[in-house]
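Once you scroll down, you'll see the structures, which are given as structure tokens.
After this come two complexes, each holding chain A, first together with chain B and then together with chain C.
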Partner chain A sequence: MNEWNWAGDGTVMLVGLLSACACALPGNYLVLRKMSLMGDAISHAVLPGLAVAFLVSHSREAVPMFIGAVAAGGLTALLTQAVHRFGKVEEGAAMGVIFSILFAAGLILIRQATDHVDLDPGCVLYGNIENIALVARIGETPAAVINLAIVFVLNVLFVALFYKELKICAFDPALATTLGINANVMHYALMIIVAVTTVASFEAVGSILVIAMLIVPPVTAHLLTDRLWVMIPLSLLIAAATAVLGRVLVVFGPVWAGVEVSANTAALMAVLAGLFLFVALFFAPEHGLISRSYHRLALSLQIIREDILGLLYRWQELDVRRTRPAHRDDVLTAVGNTLISRWALRSLLRRRQVQIEPPTKPGDEPQFRLSEKGLSAASRLVRAHRLWEAYLEKHFNLPLDHLHMPAERVEHYITPQMRDDLEADLVEPSRDPHGREIPEEDRP
Partner chain B sequence: MESSISSKPIDKTRVTDHDADTPVSIHDMTVAYHRKPVLWDIDYAAPEGRLIGIIGPNGAGKSTLIKACLDLVPKASGSVCFYGQPYKKQRHLVGYVPQRESIDWDFPASALDVVTMGRYGHLPWCVPPGRKHKEIAMRALSQVGMADYAKRQINKLSGGQQQRVFLARALAQDAQIYFMDEPFAGVDAATEAAIVALLNELKAKGKTVLVVHHDLQTVPAYFDDVVLLNMRVVACGPTSKIFTEENLQKTYGGRLTLLVEAAEAVARGGQR
Partner chain C sequence: MANGSITDNTLEWPSWTEITDALTLSDYNTMIVVLGTTLLGIAAGVVGTFAYLRKRAMVGDALSHATLPGIAIMFMLVGDKHLPALLFGAAVTGILGVLSVIGLRSFSRIKEDAAIGIVLSVFFGAGMVLVSLVQQMNTGSPSGLDRFIYGKAAGMIKQDAMFIGITATIVLLGVILFFKELRIICFDQQFAAAQGWPVVLIDLVMMGLVVLTTVVGLQAVGLILVVALLIIPAAAARFWTDELRGMTIIAGMLGALSGYFGSTFSALLPRLPTGAVIVLCAGFFFFLSMFFAPRRGIFANLIRRYSLSRKIAHQNLLRSLAEIEERFGEGIRAPFDTLLAYRSWSVTELRRLLKLASRRHEVTVDTDYKSGLTRSGRTEAVRILRNHRLWEMYLIKHAAIAPSHVDRDADQIEHILSPEIVDELERALAHERQIPPSPHLQEPAV
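So, the complex of A and B:
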């Protein structure tokens, strides 16, 4: 079976695609409203609704199933609110209580239903996507495809038409309500959409994996963007990628790996979604761990570079009175002699802010001095430092030995605008509280 | 309670005696959480075109007062009217600035997106805001000095800047009456000055602004009128007349124990 069959594998892929995308759409709002667990709750709690629908209608027709799902979904949302409000428990706990009870009730009811209808509880839990392939191979269009297509279109319409309403209700429900967009109504509408979507997805991915499809693509998308109108299409793209890759891997994976195993498409989709999330966690351009560590590293490098500049500036300032050659070891020791401080010194040399001069005495080590460029950068920094000291002394009346450390921390963040503001506040300051000269503003 | 409050006898049939010229009239309003009353028999008529500070200790029901006026929490009794009509008919006249903490600032939206939300009340369901509304939003952002930050993700703004975005959103609502829930909480001096300037601008345009406020020292400088609140209206009227040592004493340190006791008895009543 390690060969792509469009009728079979194509259909399975389509089912996966439709269910993943249908789930991701309302999932965006669950994630943004910090109600991800509600998706879990509803996907479990629709079970009794389905079972009752089976028992009443004696069929697996779509219409009674969806009616059951809508009723159960609405009931879950209502009961959760009720337990939360009157039981004085937090919302998460209320959801946990409601969905486990309803799910258990559903399991009991389904046992009864199996006597009347051909229904395997396992299918409800884990989905039955591989069977869809069998149906499709004999030339029939599986009902799941049609149901999912309808639900997907429904969800696209829901999200597109009510984009504005969903957005404001997720962001600021109180304001939405005062503007006449009833946040409660939108809440229940969203819950019902989630219920319908999970039911349609049951056959494909089952009630346990549906939560992965609801939540993981939107969470991944949220890591990658700061705009809602990008986040939603992006989540669809991620969902689609999991479905396509999932089926391709099921079919060709064993061939590529050279082993004889069969995998479950739905499970593989969920695993892939998780994988995408991990990749995003590490590599997201702004919120990713790598980019954040890079920025932190770049910042500490910059701080040490500036510390070295300030240090050399002060040594050269003192040099007016006595000669003190700045050797490499002196500089590095003063800034902590770590890997990063050596790195910072190298980068200053590369930027030509610091230059190496031949030793003053023969046999001595070469010494480090500020270049013209380095001097102007250093004077801006020292200016910020001393202006801040003067400012602290003027307004907070701190003792002299309490001024240096705060200034040392703040100096790296003071903008040219702030230096001007400080100068204006201090009225032509020429010396800092320690009596050292405040350099003139070095305007490029 | 010398001013503002209607001295007419209360109509037994509860037909409101709300005046069509009064921006906000609150008539005998009681609000309870879990049966426990947090606001008792509030009667208040806000004068038009003034900056009104709602002052009172923690737990006095200041935010609740606003939320009850805007139908965000249910009223146990009483009614509120805006220019003589109930809120449902007058939504477009009323702007609301909730507390900054009530919002998830990680929401994927720019400052301009948030301000544009102020226009949603002027749009029918399912209709997205067009260019005209974006322009109004942009103008509101400029008015609070935040035009340069329009495209900035909202969690990258400082607390003061976030507050200004909220104010810009209220401006974009283009209302007649504004309710602001602690706009001055935790903002820097520059933002505080910007908010004060904005309040005065709104007043100059004839808007009525009700502001929940904490800092007693700035009350006389900022507000024309005050409502001193502690579960009930202790006093209300022009700041110069009402904002007195004696009234503050009544509001903050006053003997309100009976009210509190009664409220708790009502709450307990449900469990007996």
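So, the complex of A and C:
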């Protein structure tokens, strides 16, 4: 097996590719509408639809199967809504109730038919992608390829034609209704598309792994972008990558690892999709954990830096003759002696906003003072702080001892424009409510 | 079915003695299976109640699917024989799955529903990869793994039933011991945290109980359907009561009944997978409860709504007659057409209402459908009319609503004003013991 065979492996790859992409298209909307579990529910609940379609038509032809799937998918959505609305059962639980009952019914029906069908539960659950390879190797085009191709085109058309409607229904169903788009119709249309896609993908990936194909690539794409028109192609790209890489790994993995066994392609695709998600989770440019913690760190670093500047400013203001020492320990104790505040102090020194003065007496520690540059930055900050206190006092009638805390929080976010506006608003913009001087705007 | 033909889909119905034998647990093997699934039903129902109320029901689905890789890994290491080891592996990856759901939900922009879907499918995929490797590696048959996916209660032996029994006991003890704590985080987590309860710890205990139940339920009903045992009895029990203790007990009972009947049916009829039948039984109880529960059931709701709308229609009729009397003098026989013009009711509707009212001896109806109030009818009609007017006056005086706009509001509320509120209205308006005049008559006629 450990050799690439275009007829076999290529076909399997194509099947994986088509099914992953067909799933990812409606999956985007499931994720955005916070209905991912509906994909889970429908993929389980189409089972009785398939079983009934089989028992009625006695064949595994595509058309009755799809009819059964559409019926079962619609039924799941309807019953879930009914139990949720009339039984006042929470939506997630209503879904769980309905899909597990339907799945159980489907399982029983399939067992009843199991003597004379190759529709065994195992195939429904795990898919049968390796068999497709065998069929393809003898030169036939497997039915799965054709079905999936049709469904994929159908989904592309659905998303392209109703792009605007789907988008607006996903983000604001109420607005959609006022614009004359029937959000309910879109909801059920989406459910039916999911059901059809699920059935088409059954043979390739099975009913549980299809959930991975529906949800994981769109979620990964959603971590990477905020734009729907980027998210959809991106999810397709990720889906395609899982399919291609999945098959390549199945074929060449054993060679590279030097073992005799290889994994199930569909399952490996699910795991790969999970891996991509994991990578995106950490490294996504904006929503990734690393970038988010970097931004949070940068912000807290900036806030502590500004706090130190304000602190030194106030100390120097109180103590014109410099009798009060500002040792390293004093400064760090005042802002909280953490790793990040030591870091902030170092960065202030590096920026030459704070300078070290040699000790006044021998044996004493060196002192920290604001440089010329630091003084102007600090005066802007203190100005923002005191203007805000004055503003709060004027308009909100807060007691004097309640002014400092809100100003301490807000001071870091007040722009020069806001400082000018605050000044214009105040009657006496030179003194804050505590009687301290509000520094003049230091215009660079 | 050895002798069945290929197209034979019929079931072989068991004889009566077979049914009674199964229901009374006289067959040893059946008894083991029935006992095991019944105990499992109790545990799942009880634990499920808390998961359901905490809206964690679907997390159970992620949990049960996430057990597969653990089972497969342990299978690789120790083989098929050692059940506790397999279940231990299941519990480890199951817990890992739950933690992943929580982590994804709290530390990224991924929503809970997507997190559940991701964990469920990716863990299951990982499990499948391992299973497919096992299938090629092991000389022994890995079909033993199938029983964890679909459940195979029929293959249960005494040790398994005992295992489930012990777990059920532990779970029940846990719930009894931590009942107060579990209750408080189900209903008001913030309050619990503010009161100093270790909310995270209690949450962990709850999830631990769920994990325990799920893992022992795996081989009975399978990992796909075990979540049904957690959700369905709890959701069904919710219809019967508003009280947690009662709900827990009812859910446990419904779980037990589902387990009991499900496993007996599947023992009686050929080719019925036990897990699926148990779930269908639970589903049957769910729909039974949803439709027929006395207070929260759909039929009870419909009946309540119907009787309320009947009462409102009756009171509207009385008020219309009272307004006619007010205009034309007491004791007047109101012609049908005059009455018909008073409200937007249809001819048949009004006839029906008159018939019902005359049956209650509050209205007398002549053969030509002229009608008038009886003495008792008048008392009631005057009361409703007063309610209506008082509310109108109140709205005009205290809510500054235009007289032309108050009729509708008063029309809705007149039926449900309690005597205490009427007293208060009278006091507020200084209109004691008389009917205030209609505010609409003071307007110039249109």
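Here is the rule we use: the second predicted complex is superposed on the first by the 421 of 444 C-alpha atoms of A that agree within 3 Å, B and C clash if a C-alpha of one lies under 4 Å from a C-alpha of the other, contacts with A are read in each partner's own complex, and residues count from 1 in each chain.
Keep this in mind: a residue touches a chain if its C-beta (ideal position, glycine included) is under 8 Å from a C-beta of that chain, and two chains touch if they have at least 3 such contacts.
In this text the structure is predicted, and so the values were computed from the model without any measurement.
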| item | value |
| --- | --- |
| Combined model on chain A where chain B meets chain C, clash or fit | clash |
| Touched partner set for A:Ile340, first chain B, second chain C, both or neither | neither |
| Which of chain B and chain C A:Leu332 touches, first, second, both or neither | neither |
| Which of chain B and chain C A:Ala270 touches, first, second, both or neither | second |
| First (chain B), second (chain C), both or neither touched by A:Asp172 | first |
| Partner chain(s) touched by A:Ala71 [first = chain B, second = chain C, both, neither] | neither |
| Which superposed partner A:Leu107 touches (first chain B, second chain C, both, neither) | second |
| A:Arg227 touches, of chain B and chain C: first, second, both or neither? | first |
| Touching partner for A:Lys34 - first (chain B), second (chain C), both, neither | both |
| Touching partner for A:Ile150 - first (chain B), second (chain C), both, neither | neither |
| Clashing chain B stretch [against chain C; choices 81-89, 189-197 or 243-251] | 243-251 |
| Chain A residues contacted in one complex by chain B, in the other by chain C | 34, 222 |
| Of all residues in chain A, those that touch chain C in their complex | 31, 34-37, 39-40, 44, 55, 58, 83, 86-90, 92-97, 100-101, 103-105, 107-108, 111-116, 121-122, 125-126, 208-212, 214-216, 219, 222-223, 260-264, 266-271, 273-274, 277, 281, 287, 289 |
| Chain B-touching residues of chain A, taken from the complex the two chains share | 32, 34, 161-165, 167-168, 170-172, 174-181, 222, 225-228, 230-231 |
| Chain A contact footprint on chain C (complex, rising order) | 1, 4, 6-7, 9, 11, 52, 55, 57-58, 61, 65, 104, 107-111, 113-114, 116-118, 120-122, 124-129, 131-133, 136-137, 146, 149-150, 224-225, 227-228, 231-232, 234-235, 238-239, 271-273, 275-277, 279-280, 282-283, 286, 290, 296, 298, 301 |
| Complex interface listing, chain B residues touching chain A | 67, 70-72, 91, 94, 96, 98, 102-104, 107-110, 113-114, 117, 120-121, 123, 125-129, 153, 169, 173 |
